[in-house]
């Protein structure tokens, strides 16, 4: 399908722009659900100064496209797109954007959440936080693995 | 709560702008889920030329704010905002925007979908479509009532 | 006085968007107000107001079943909503 | 030849982001490759590579358990992912 797109980039993105690019020329879609992830000022009780996002070039794009393909097999989506940033990020910066369009909202909500849940568990990104107590690699949340599992079955 | 906002307007809106307004100065939120509804080119097998959105001034704003307050009681959201257009709209036009921010994505997804499900059933808007076969009032989908019911209990 | 509003297809069928009914005890409930409107309006009003799925609201709140009314209330009749 | 990559905390602990291992049958599986890396690297490598929750990928696919390797494969070792 050529209505699935993935970009891994250091540059910031404009959510409204991405959403316009997602829309079909034929106006089939009645609903777009878009997720944006941000760098929080606090994580596990510690103040975050900035973040470094590392990834596995090649595998990253491939794994996200595989997740989008799974979503497209599972739901009648019109289009879906993921933009994920890498490199140094500051507090309040946008990290990731996932947009899904479909005829009706149920599909767009489910598919967008599915993509985020899988991305959190399968796309090879790693966050390193800079805090007052020094740098630390962010640990994976156990709930993220649980949330991905609930889609199978 | 003053982090809940509602606007009913004839003017179009800029989703990126609305999302920036939603964000806290303290960067508490790690996630924003935003829903956008559009006028589809086809509905129940008929081509749509344009749409007229009527509403019940006063009750509209009040009912949407009540829905946002319920969402805020139910989930630890940081902020939530609804913009709904009224008046004449063309195919592909934006109808509604619902944005919810929270620390983690689960809350933002659930609260945003909850607000849309309730808005579909409780906010006094009515769509009149113009098709090749004449004008017709859009009928409520039975599934919309079902989707709202699944949140109670 | 009661303020009575009609919206969407109900408004079009009645060719009426709003009217005022002087307050008295004979219209002290939603059902009795509806009966008064039908008595004054005739068969066309009966057809429009007794439609399946009619929604009635009192002072901006949707109401299920009958409900008491008091002087100054705003009552609205409309079909199931289709926004969003 | 096998291309071996390390990411995030694994890369830092090993102070190594990539290396190449000449292909032969003694490294024809993930487990045997890992044993070779530990044998060549010493206790520090054992500590880093035998960590709980280590994820191993072959040619960009995450692998659970052991997996055969062939000449030209790309193998990666990394901690649980934390993107999004």
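By letter and in written order, the chains are A, B, C and D; residue numbering begins at 1 in each of them.
As a working rule, a contact is a pair of C-beta atoms (placed from the backbone, for glycine too) under 8 Å apart; a residue touches a chain by one contact, two chains touch by 3 or more.
No experiment lies behind these values; they were computed from the predicted model shown.
Participant: Counting hops between chains that touch, how far apart are subunit A and subunit C?
Facilitator: 2
Participant: Name the chain whose C-alpha centroid is most distant from the C-alpha centroid of subunit B.
Facilitator: Greatest centre separation from subunit B goes to chain D.
Participant: Starting from the mean Cα coordinates of subunit C and subunit D, work out the distance between those two points in Å.
Facilitator: 73
Participant: Quick one: subunit A and subunit B, Cα centre-to-centre, how many Å?
Facilitator: Distance between chain centres, rounded to whole Å: 22 Å.
Participant: What is the distance in Å between the mean C-alpha positions of subunit B and subunit C?
Facilitator: One centre to the other, that is 26 Å.
Participant: Would you kindly tell me how far, in whole Å, the mean C-alpha position of subunit D lies from that of subunit B?
Facilitator: Taking the mean C-alpha position of each chain, the two centres sit 48 Å apart.
Participant: Which subunit D residues sit where two or more other chains touch them?
Facilitator: Expected reply: 84.
Participant: Going through subunit B residue by residue, note those that touch at least 2 other chains and give them in order.
Facilitator: In subunit B, residues 37, 105, 116 touch at least two other chains, as defined above.
Participant: What are all the touching pairs of chains?
Facilitator: A-B, A-D, B-C
Participant: Name, in rising order, each residue of subunit B that touches subunit A in their complex.
Facilitator: Contact set of subunit B toward subunit A: 14-17, 19, 23, 26-42, 91-92, 103, 105-106, 108-109, 112-113, 116, 143, 147.
Participant: With touch defined as at the start, can you tell me which subunit B residues reach subunit C in the complex?
Facilitator: Residues 37, 53-56, 58-59, 62-63, 84, 95-96, 116, 119-128, 137-140.
Participant: Provide the residue numbers of subunit D that touch subunit A in the complex, in ascending order.
Facilitator: Per the touch definition, subunit D meets subunit A at residues 5, 7-9, 53, 57, 60, 62, 76, 78-84.
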